[in-house]
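So that we are looking at the same thing, I have put the structure below in structure tokens.
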């Protein structure tokens, strides 16, 4: 049963399975395990990034397409919800309208980009998407009547999801179940469903073709697969999921602006998470997102402690100051590419597979 | 019945295939021979749609395939094995073949079932591996196979596609003498199925002599001879241009 | 005349976790043509790559006798242990160096035929510096290269690429040639040309180690022969002896099966 | 060698064609002249900062998103060097000013080159041939570099005023051209000539292209490709350092983020040029410079998108850039 | 109530605005120390400052503020550096019903339509800036073209200054994107518009971010060629280096360490010089003022940090700052303050163009409209 829900794509490593169980349970119980605004915020972001990164992995890890336009779709989702709430007021119709129209825009745009430019060589495609994404970012900050420009949009959401709302009179496990927690669980459920859907897609015959295209598109064509169709579909599906993730982000933040959902920085974060987690392994999205967002959110705090400890040393305090946290994030980029060439999931799976391999290959061929 | 009419392709000023008209009937194995660079592979590329023709048409059972892209021609029944081995290097041998089987079954767009639930596809793929004697290597990455086994896998992909037209481009090149017969036997077996059209580019004349029902000769992109194996091999054009005692040899 | 130029002693090679060569012993006499035979997967390619330094030998020794003085044609030879050398050092060598024709031909498909050959000619900075007489000599065997001189090499036909790969190895004189299956994909006439070319090279005191599946080709050229199986050399001796002993051929190469070859 | 007859002049002609088309649209010839001269000069400045990337990205196929950090580094080094040569910089004499600028350029190139060496060894080497990892690891390198600049020079903007003899304008008929832009034109042409000469007259360009495709084979031919790659990478970084000096002087201020700001722009130039072509990069840079000036004057709203529109248009015309060198 | 008053400063400690945030923090710390006589104690309660980094990102700022109020239990928050961050933060103060003292984000809408009653601002607003600049430029016969960032900051600034320009004539508005590197085209458009006009001609620049148009304006030699002068507001010192090329340029600024004459400023300049061997800058004064506002308010409530009490105390409250007296206007909680009409002098002793005071534009000289919907 569980195997089928996971589309028969099991962790294939005991350690990995354990980690995943811990993380999923942790996220499911986060509001009660680690109460506090900041912790809940980190947990919600982890969830949203899991969906976002998994959708990107479909494109990058499974289909082998390097696109820098993924945040564009993320942003479309976020703006869709933000604009709808701003224009139509804080009600559920607005949410539905926002999600639906964002999806429509994303699907159309991804279809266009796919059909138009998937024929060019890989680097060129990457560069074109980079350019398109930066143009879109500019556009979003220019169209200030619609998008609020650089200031972005701050908006209200339906009462059920507002911090002031109380679901129960009494506290549950010492935590007041307010609208934020309701929102959190809404996001949790949506992300779980999205993840399982993606898992199914990559383990379907369709997903297998995507991997074949990644390996050798010319050969895939010769077998009778129309690669343009498959690539475009992969583009469209992945854009759709990214859009949904964007909707969740806006819902959570009750704010959206160009830097929040469209910036190149987020694109890099996504790339890094995919690589840390392990390309072409959706589970990597879970591990990578958690690890990365924890680092991103708590690095400054850690550095503050370290910096204080190094008081009096020459130069070191200048490096171990919270203000230089990006330095350490940069180092994380470099080291993770160094040490996890196949990502954490890849590593764990190799480790799990090695004893077995040794048994069969012991004897000289 | 596969036909090419006036099939031509130019690369810049160079005419690689020049107005080749020819018909290939089911149940025959036609060998295509000619010097290096004669246009044999290019002729295959034109038929299977890897490169667009400058002029001329490709017909299969009367249907004009010329406007179709390569994948659509494959689906129409043209199958192709490449001269330079062309596989999915990082996928397992079994998965390589399974993908071909899946393509044949037209199951590629199914994105709601789990791939391994399609037992039929898997079993079919295993049968094909069995036929080319690669079962032992089914879980190895294609890239780690020695050259000869990669050639076998190349042929296996073609077999799995079950096309009505088989195009082999030097299937046994670089294969050791005790392995080559596996492939040749497969081709022999194929020949027995009278509904299949087989095209074979091959430089080993003994193989050609034994297998071919008919030989056509390409030279500088043109069709210069067409006929029964014995006749064609004996013809002066083949003797000189192809097998020819080279001028060097005479000089020495 | 036939002291060894290249010698492999107990060479083991691992690729990743796989143990491929299990102690290869091989002697390549100077100024001769040695054939390396064996079925698919026997480890021939791996042996050549190990000699070239493209795979590292995990155990064993590879030695090369280099001609210290190129000008005087006297045998002041020095034996070098090249086991730990980097590929470029092996290729450059003192006595003219080693040239390698890989199984997959390794041509630079982006570059033109001209540029491919120019790179192979280490001494030349531009085409004008190249030895035209030698080029013409090569064109005599492989006329297609002249015809497609300015073409991108990637657009050549399969056989033409093979010609280019071999041409690249012989565009300048080298002490030792390592050639992996040069005849595959070549039309019979060109195969004959290549045989002639190798004979002429041998006459010019070039040592050649050749991997080949085409036994006919091997028979015509080889002086000595080594047969590999499962990562070891299982037989070595003179070519003539092997050519005459059909039973041995059958045992080592499975040749009795087909009349072809 | 390609003869004059084979030379593909169409992309080269784009530059004057663009300028001619702009004339009627702009109307006033003197405005047009000013814009054109400014655009061409701007193009050459862009070319200088992009030239290093032709080597690193174009030829070596390393998607170095950290290239910008060398630009910023060059500019900051120039700040320090020029700061240490007060009297030469403040003097009104052109020669003294140039005498101050020259060491600034050389030191900037040396420092950027040295950092390039470290960058190649520590960051780029493990990821040759793997674009995605290159992007990530070089971005990481860029972040580290930018933060280190902040540690050394502080996070704030630092002024880098032009030496007096180089500021101000010269008149070309009605059009006014800044003196500094003329200097940039000279430096740009010098860089172009040096690059084009080296790549056409030596085997370096060929070797790099071959090495990108098949490293093992190049080594088997007896070339120490590793050293060559380091050398070219260092040269590319040094050129970026030089570009940084010019760019900093042009803006008259430097910020740690200045490299990141031009990253996309220079990638666009290299892509338009066809990866690895020096002439292509020059044409790309000139087109970008002109286009930005013309659209900035005619329809400023569109100016932001002009680079991207230009790139897309060029790729529609020639999917591999104007002078594709490689088949990538 | 505990014996502590917790204050969070949330600002862009990293990112492009890092330098601004640094100044602001230095000013705040210095100001708190000054206002409490070095004890950091007000009415028997210890002041605890927590610094948080919004990285210039609105969403980050928003969640940090919520975390500060909820997790860190701060009573008062100060910040942020960037306007978009401030706008995203405003509703959080309302949700948690705690004070947010905005400093130094400038957008008008912070005390305009996005305002709520928990928001106070010590920093100047775009309108104050624009009004002061307009007053400096606004004379009959003057012709003005504006050059501004093509974003909310630039457009609001131009809109506000047009509201204040009564006598001069605005003939052209040029908006250029942030990140413009070549200003030739934009400036040529302005020149085209201005060159045939009569009277004193000005390009009024409202620009933030790097690169700036000033070098290009200097290079093009507009003054000699077309008689076009530059007018712009103040800026941080490194940015005023470019002003050196425009001796005689006039405009209005918010703060320059040499201008205000009062004991607090003297103290701040001396102290800053001592600690950092450099004069205080633009945003240092802002941080200092915020500190003064908070301590003054807390003294009034006798150490009670309850938001309602503070609001009651702060509305209409006057307090001393390095810029002299400021007053929180009751209607929109904007601190009304002096601005300075300056003229640039090129002084070899300074790396930057030195603004000399022409006249102090007093708070009451600026007829600042109330833009919120209270």
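A, B, C, D and E label the chains in the order they appear, each numbered from 1.
By our rule, contacts are C-beta pairs under 8 Å (C-beta built on N, C-alpha and C of every residue); 3 or more make two chains touch, one makes a residue touch a chain.
Chains and their UniProt names: A, D = Inner-membrane translocator; B = ABC transporter-like protein; C = ABC transporter family protein 105.
The model shown is predicted, which means the values in this text are computed figures rather than measured ones.
Number of steps on the shortest path from chain A to chain D, with steps defined by chain touch: 1. For chain C, the chain with the farthest CA centroid is E. Work out the mean CA point of chain C and of chain D, and you get 45 Å between them.
If you average the CA atoms of chain B and of chain E, the two centres end up 75 Å from each other. The distance from the centre of chain B to the centre of chain D, each centre being the mean of the chain's C-alpha atoms, comes to 49 Å. Averaging C-alpha coordinates per chain places the centre of chain B 29 Å away from that of chain C. Of all residues in chain B, none touches two or more other chains.
Listed for chain C are residues 18, each touching two or more other chains. Among all residues of chain A, those that touch two or more other chains are 138, 142, 323-324, 326.
Those residues of chain A whose C-beta lies close enough to touch chain E in the complex are 36-38, 41, 138, 141-142, 144, 149-152, 154, 163-164, 253-257, 259-260, 300, 322-326. Across the complex, chain B meets chain C through its residues 11, 34-38, 40-42, 83-84, 144-149, 169-170, 173-181, 203-207, 210, 241-246, 248-249, 252.
Chain E makes touch with chain D in their complex at residues 16, 18-19, 22, 150, 174-177, 179-182, 184-186, 188-189, 192, 210-212, 214-215, 218-221, 225, 236, 238-239, 241-242, 244-245, 351-352.
Taken in their complex, chain D has these residues touching chain E: 28, 31, 34-35, 38-39, 42, 150, 154-159, 161-162, 167-169, 176, 178, 180, 250-253, 255, 257-258, 261-262, 289, 292-297, 300, 303-304. On the chain D side of its complex with chain C, the touching residues are 201-203, 206-207, 209-210, 213-214, 216-225, 326-328.
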